[in-house]
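Chain naming follows the written order as A, B, C, D and E, and within any one chain the residues start at number 1.
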């Protein structure tokens, strides 16, 4: 009970500290911008640790963060292998294929209004297919290795990306389009010089959404059949072996890889769409 | 097509345009007839919603009239648009935010296939003309509204079109800057002998600039008066205090007021 | 009545007929028990449920239970209604596989989630690596069904005599197209579907008493099911909430299950137990358990129940 | 007409493609089956066929094409097989029957709706907190993003087990998983929406010395409505996926997820497909419903 | 606080405001001192970016000066804001799109806790004042730009503030409508004896409306001239042709030009 009370106390103390930092004078600096979420995350970990210890939660239900950390460190080679299999082979290739295909389709769809009116509603429908149903089918079609994971990712990211890109390509204002017409500009010049640049904020929105979808998709697909490596494989077998510390170590890897992936895309976005009001500040 | 004086460049005959909207159709232009000759500076003035922009857009081939005929350089408006017969300055600057000022001015040059060297040359020249030489590498949002408007004028001047269509280009500027740009525009017009169609809300501006002032009136949009200006081509700013000037301004104001009375 | 929550290892099917029959036929009522049978699934680890207090009793395979015990979850086997193992490898005959020595270089589907231990210890006994390559087997984490075999994504897959093997046959494959390796025949069989509880709970006489009654009633259910397979299958069907099981499938499964429970009165056979522990300990470089488990089973309950 | 014709065309094209793909997808198993039944197929060895291309096989054994449309365990079921299964499991079964998709759909739907309600409420509350409290904004948002990189299927069983151990069972655990998936789009959309008012709209209220409360109800909330509904549409689809995912660990339990699982457990591809289609229809219906609510709300708001 | 003539309502003393931005700080107001008395109509005129809006926002308590003192009704600007001492008309109409015109005008009344009946009463009255009585039930986008601007003026007039702060309220309107609204504003001012601070780009407008014209100049923003108008309170439109008027306009123009010379 002591530990539980301590956990509560630390929670309150950290929160007060964060409120101070966030409303203090240097609140807009980069350091504080990183410090505040870091403190928040650290607080969660400390509270988690104390609660697990204080309430004597069995290891097989929820391991303490310290335990997860030590597993994480000692199992680094395995984790790295799994990350390669799931992220580099499955998620990334599926992400590139899916987003690339969606991008090209979006340009077609944007060009032919008929396609737009026909494909988008059907696309919305297909996008609602739950991965839980599609994954076993795709594993059956594309085999146990990373190809089927990539296929699942393609299916998952295709429509969010398509919808965003199509919306982006229509984002130009009437005046911007009229300007192109006054130059007698044809389809390609107005695509490359107007509609694509204008679409970039939307395209990146799609790309960002797709990062998290890609990783989750690849991991979940491994639950439905995989070689004997991969993050999803490790998670599902470790649960069966009651190695919850390993499960959480993989989850940590997933969260790190996912956030990093998201962050990289967000950085690229920043440099490409520097002109957009939301990036200017 | 060598420009010879008094040849008719833009000719509208009984032009009619009705917008189909969700509820009632809007009769934006009714029976508009007007000839504009090579080298004319024509101002359009009239209350908000009288169809000035719409008429300019018809000339530019951006809007299709629902009745009457319209020729530009002897072609249909759409053909003239494809032949890149005019430069158009919109009511708002409308610069592309992802391009620098120089990049924005380069845009039409790229599309029209000018060589790289020629592009840079022309950009430098028109930037100088609108006094933005130091700002070529800046992005639009880093400039004040007035500077942006000047950049958009430079963009329309960068390529060689004989016709210039300008929709309230100086609306957002303060009086001093406006006076200055008015002078510049007149100088450019005198030098290049371009044909200019110019929309404005300001009576002094219309009188100061034009060889011909077209007064319009709304619901439906039509021409109520066409005033030929007797002012000389050479116009110092203080011509605005001359009796002729005040006389014309008075006539324009009366025409405008008559249009408003209808409401 | 005393409440007992039973966590199954898999979805509702005739594999667990004894418990459903005992409940349906009122055998639990007779023992003044109120038993809740909780179906499992692909991602539910019964041991976890037990540890979390969500269940009082669970079913598991011995290797998985011993491994959990070594991880600090003190599971104790209190009864073993399954005498024989139903696990086997099923291979296409036309691949030329005739014995374990032919597995090298092949692709084999294996269930994980605690079901992989028997396979791993078998392979380590045979001295075959499970990391792929020329001299090892390439292991696939087999999903839920027999498609990998039917579509020849794998040369062999794991099947249970009572379930997946039937599905292979149902798909139109005849038995002479197949070669099967029963773990039982290979000497690597392990004790499947034993009844486990937490060691600490056994210190409580009331709990112990409850378990005695539970095992007694459950075994009565099993024996009834063995004798009345069709009725037992129908009872299972009634308890299936997914509506996906078919009568034909469950009736056949019940008949096959009956063969596995036939030899058992509920008591764990110590010799079988020792043999399993020995194979698990001998797991080569990566043994399933590293030291001989102590107190992982008890005869107290069955002794009392079978009196 | 303007809307229907293109959709129908695309759907027709999809079905045509689908039908065209069936022989290629199913040819190998079909040939094996026919061979067992005594037919002469080329090549006559399953291992050779395994390594052969489907195209070649179909052309060399064109007599087998009809049979590819009538497989019991097809790799790709033909549309009519799916349609038939759908018809049998919806129209021809009593809705209370465990074999009725409507029954399972309702089970999933109830968890979806509860989860969606929880997720939406949590999302809106979190967004309100984030918009009004800088500390919350800075601390929570990065972690909310990180939370979405955690594979839900991995923690769903843990959530179920943990809740089970404190005695919560049935609808609630499913709803919580469903809420976990649906809260994120709502937070993101709602934060965007509550921040949609521009500086001038906010300044206007300042000139009236409006309280924070008044600012919320009279400006931020109404301004956020379009964003809210856009993210509710995403959220409700996510909630449905969450409910289906949550049905997996519980194995052959009830619900569409259970249907898909047992379908794949017993190799009943057609059953998976019809559950999938049913789920997509359900999602589409929910999205439509929200669109409807959106129209109503925006209309109502106008009367304020 | 009974308004007695010539009591000072707004008093700025050596006001200074510097914006901290990502790159260089912007010195928007420098050493601005100005007194505005009860019943004054003060116009602010100056080139784009000279700090007119910023100064108005300081008075409104929307911006905090970094130096100097400022009192409004004897309180700090922020206290005055909390006491709801003024109505503010922004440069753009800024109506809430989800409220009708009447609903928009009601907004401040709701916030300030007027009774339902009182609200309806006042909405009807100010709608009438800006000649939009027929449009109360319409939504903003169904009105032309000019009508929207009038609605936003009505919104600022709906509650009883003695001070009216208006930031280029007529910028988007054509000359005729603008003249009309100028007359109306003068009539309102004469009737209610409000104190009005008014930003404009138009010299005639400033001269026509004001008792005091403040000319500002940029970088850093400061007051370069304060011109007291000798024009009578009663001002027909054609006062603009009177010599006094032209004389003041000239002085304003000179002041403005001087400011521009600095660039």
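Some observations on this one:
The rule is simple: a residue touches a chain if its C-beta (ideal position, glycine included) is under 8 Å from a C-beta of that chain, and two chains touch if they have at least 3 such contacts.
Quick caveat, the model's predicted, so the values are computed rather than measured.
Highest inter-chain contact count (C-beta pairs) belongs to A-D. Subunit B and subunit C have Cα centroids lying 86 Å from one another.
In this assembly, the C-alpha centroid of subunit A lies 38 Å from the C-alpha centroid of subunit C.
Here the CA centre of subunit B is 54 Å from the CA centre of subunit D. Distance between subunit C and subunit D, defined via averaged C-alpha coordinates, is recorded as 34 Å. The multi-chain contact residues of subunit D, meaning those touching 2 or more other chains, are 75, 153, 157-158, 161-162, 165, 248, 261, 264.
In subunit A, 61, 136, 140, 223-224, 236, 239, 244 are the positions where the chain touches two or more neighbouring chains simultaneously.
Pairs of chains in mutual contact: A-B, A-C, A-D, B-E, C-D, D-E. The touching residues of subunit D, when paired with subunit A in their complex, are 2-3, 5-11, 14, 25, 75-76, 133-135, 137-143, 145-155, 157-158, 161-162, 165, 237, 240-241, 244-245, 248, 257, 260-261, 264, 269, 272-273, 275-276, 279-281, 283-284, 287. Put simply, subunit C touches subunit D in their complex at residues 10-13, 39-45, 48-49, 52-54, 92, 94-95, 143-147, 150-152, 167, 171-174, 240-245, 249. Looking at the complex, you find that subunit E touches subunit B at residues 46-49, 144-146, 173-177, 201-203, 253, 256-257, 259-260. Considering their complex, residues 42-43, 45, 47-48, 51-52, 64, 67-68, 71-73, 112-116, 130-131, 138-144, 147-148, 151, 153 of subunit C touch subunit A. Only residues 57, 60-62, 81-84, 86-88, 90, 92, 94, 96-99, 107-108, 110-112, 139, 141 of subunit B touch subunit A when the two sit together in their complex.
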